[in-house]
Amino acid sequence: MLESLKELVCKYNLYLPKYGLVTWTSGNVSARDPDTNLVVIKPSGVMYDDLTPDKMVVVDMDGNIVEGNLKPSTDTLTHLYVYKHMPHINAVVHTHSNYATAFAALGQPIKVYLTAIADEFGCEIPCGPYAQIGGEDIGKVIVEYIGESPAILLQNHGVFTIGRTVDEAVKAAVMVEDVAKTVFIAKMMGEPIEIPPEEVKRAHERYVTKYGQK
Amino acid sequence: MLESLKELVCKYNLYLPKYGLVTWTSGNVSARDPDTNLVVIKPSGVMYDDLTPDKMVVVDMDGNIVEGNLKPSTDTLTHLYVYKHMPHINAVVHTHSNYATAFAALGQPIKVYLTAIADEFGCEIPCGPYAQIGGEDIGKVIVEYIGESPAILLQNHGVFTIGRTVDEAVKAAVMVEDVAKTVFIAKMMGEPIEIPPEEVKRAHERYVTKYGQK
Amino acid sequence: MLESLKELVCKYNLYLPKYGLVTWTSGNVSARDPDTNLVVIKPSGVMYDDLTPDKMVVVDMDGNIVEGNLKPSTDTLTHLYVYKHMPHINAVVHTHSNYATAFAALGQPIKVYLTAIADEFGCEIPCGPYAQIGGEDIGKVIVEYIGESPAILLQNHGVFTIGRTVDEAVKAAVMVEDVAKTVFIAKMMGEPIEIPPEEVKRAHERYVTKYGQK
Amino acid sequence: MLESLKELVCKYNLYLPKYGLVTWTSGNVSARDPDTNLVVIKPSGVMYDDLTPDKMVVVDMDGNIVEGNLKPSTDTLTHLYVYKHMPHINAVVHTHSNYATAFAALGQPIKVYLTAIADEFGCEIPCGPYAQIGGEDIGKVIVEYIGESPAILLQNHGVFTIGRTVDEAVKAAVMVEDVAKTVFIAKMMGEPIEIPPEEVKRAHERYVTKYGQK
């Protein structure tokens, strides 16, 4: 079941090591099938080199395994909480990517110092408070604190991103690490210049309407 | 039309991820055909892994699509403004490479702390003021502020480089990131030693006349 | 003899360059065969690209070569000391991975600033005092200072990790560098928030019992 | 002529991009044939992807091209000066590797903060004064300032390393960047602990006599 979605989720899970966002077995990508409300997610603790579409796990909204021989990601309840409370979201990504997670270790957001942040995120990337892994606590923080951004930092922990499509959510995970790296380097050398909020808004609207092929 | 130039522009666009200068779909390379004054440029928002020569877009100096099924780069008008006002320039490159963009986030130039900067750039790499993406504003900043350097930083944004050939412009984009990284590391540990202007000039002249196979 | 263990040790030695933990010929992985108490270890000073299972060296607990045409790692006596004094440990890994070794150059532990540290290590990653390479001195420091952590930093030197399996020990070596990088970046920007000890304990127990497929 | 040496020099030139020490066409490796006193060196300004053994240039001790269709490296006279004044040296390597060159931008040596520095270099890695590229000036600085180290930093410029074999010289270039990176990270977080000179000497002697397969 959901064969094409399992292929897609597998492919985008493999983007996490390709873009340097994860280490060993950390990180995960899931996607929701809007027709059935079933969720396809990475199995727990499996090496990325060993991932294949048939190893993806299909769960329902209560976390029951509907298909798959492996245990789903330890973050499954987090993903499900997001899907339940954000009906327009069909994909969730989690990483501990180094530069973004460093901001999370400080409990600090990433401010809009770059046009790339204005374009992709449309506002500062928020940092939510500490929450325990495994249950619904992290999901609650995401839903409460993410605002208009497709990405959120979790204090002491890492990054969660969301999207209408898996491509959107993975792109947000890639971009948050990229801008976190640039902002880190800039902060080391001085005080980066913030882009004014009205200009951030204008740039973001231009980007979402004009950029790309749609 | 312009098949060999489309192959060249595609090949040099692929150098951007190869040299670690771009993330996801950001960045672009264009080249002008001096005979027809037509410009070949990367399509907007297409993944680098999917780029092929036939996906390059051919535009005229007014930005009209002359050939190609895809929308051209969102930075097309920037590239065209440069070509119109710098007739000796036949290639333009744009990236958000991390170290160079960090200087841009501070609105700071990269001074001549390294023989590699003297050799390749011949002067400090300037940083132009903030300008909006999509129209001619960035082009105007490039033309006004780039001076004798083949590279310029744009405040809060990234890097633009120019060249008589696409090889020259892409080399400048690769080198600006490389020297930005080294200068960043040096600045973290102390105050780097500037090379005196007359020695910069001498070294640059030697480099452009003696280095390489021409 | 021990053909499958030699294959395993060779494969996991090759993970060291794959995960960016070693340079040129530095670093090594060994594993103990619990049945015979023999140890399979990387040969000294051989390039990783040239490693094959048949180049692995088999030594007994006194360091005598039982099989193999090459000299074993210069750190062999260190590995053997650990095996003799930690009977539940069947694998030892050594690297000079950059970020972790930087903490070692300062003689500083890595505190629990990240859920990834709580999960994987269960406590701060300690730093033992300086000890000379080649004899049993480093082994003594490891046994005395490593505590409950699967990883220890050695002052001025690098990282040693241990595990019940070679997979565990190499995972610890990969994770210590990953968290050292993130903690470094965070420390550059401010004072990272420590996770309270009781929460570290709770998170670690959850991780070791719930994470993965066992 | 010197076909096997040309293959060796080509192979070791390709280690420079493999180990991340060079960008675009920068950097070069040469080796001297002790029998004929001829030197094989990388051609100037040729992309690493295009290097083949037959593109290596053979020069005599006066810099005359003895074989080869390309211009030799712009640093050829530097290499030759070293060979003339250090008869036991048969290989010279030059890079602008980022971390080591950052120390050079400050005119600072790399002190012995790591066992890897004691082992490989046996003393601090010195930094010589600024010297002009292209003539014999850099060669004079190398010979005067390198001392017992196989590597030297050149102020504002980069790294030169030497060896009895090309393997030794390239290893030194790889290791100097690796330890420069670790020392940089450590210096950012505090004051690294220096290893006392007598211990450096002891460790170095052990390493050169015990490490590896000879």
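First chain written, first letter: the chains are A, B, C and D, and each begins at residue 1.
To be clear about the criterion, contacts are C-beta pairs under 8 Å (C-beta built on N, C-alpha and C of every residue); 3 or more make two chains touch, one makes a residue touch a chain.
Chain by chain, the UniProt names read as follows: A, B, C, D = L-ribulose-5-phosphate 4-epimerase.
Nothing here was measured: the structure is a model prediction, and the numbers come from that model.
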| item | value |
| --- | --- |
| Labels of chains that are neighbours to subunit B and to subunit D | none |
| Distance from the mean Cα position of subunit B to that of subunit A, given in whole angstrom | 31 |
| Chain centre separation (subunit A, subunit D; CA means) in Å | 44 |
| Shared-contact residues (touching 2 or more other chains) in subunit C | 184, 188 |
| Overall pattern in which the protein chains touch one another (line/ring/star/complete/other) | ring |
| All chain pairs that touch each other | A-B, A-C, B-D, C-D |
| Residue ranges of subunit B in contact with subunit A within the complex | 23-26, 43-46, 70-71, 74, 96, 98-99, 101-103, 105-108, 130, 132-134, 155-158, 184, 187-188 |
| Residue ranges of subunit C touching subunit A (in the complex, touch as defined) | 19, 113-116, 119, 171, 174-175, 178, 181-186, 188-193, 195, 199, 202-203, 206-207, 210-213 |
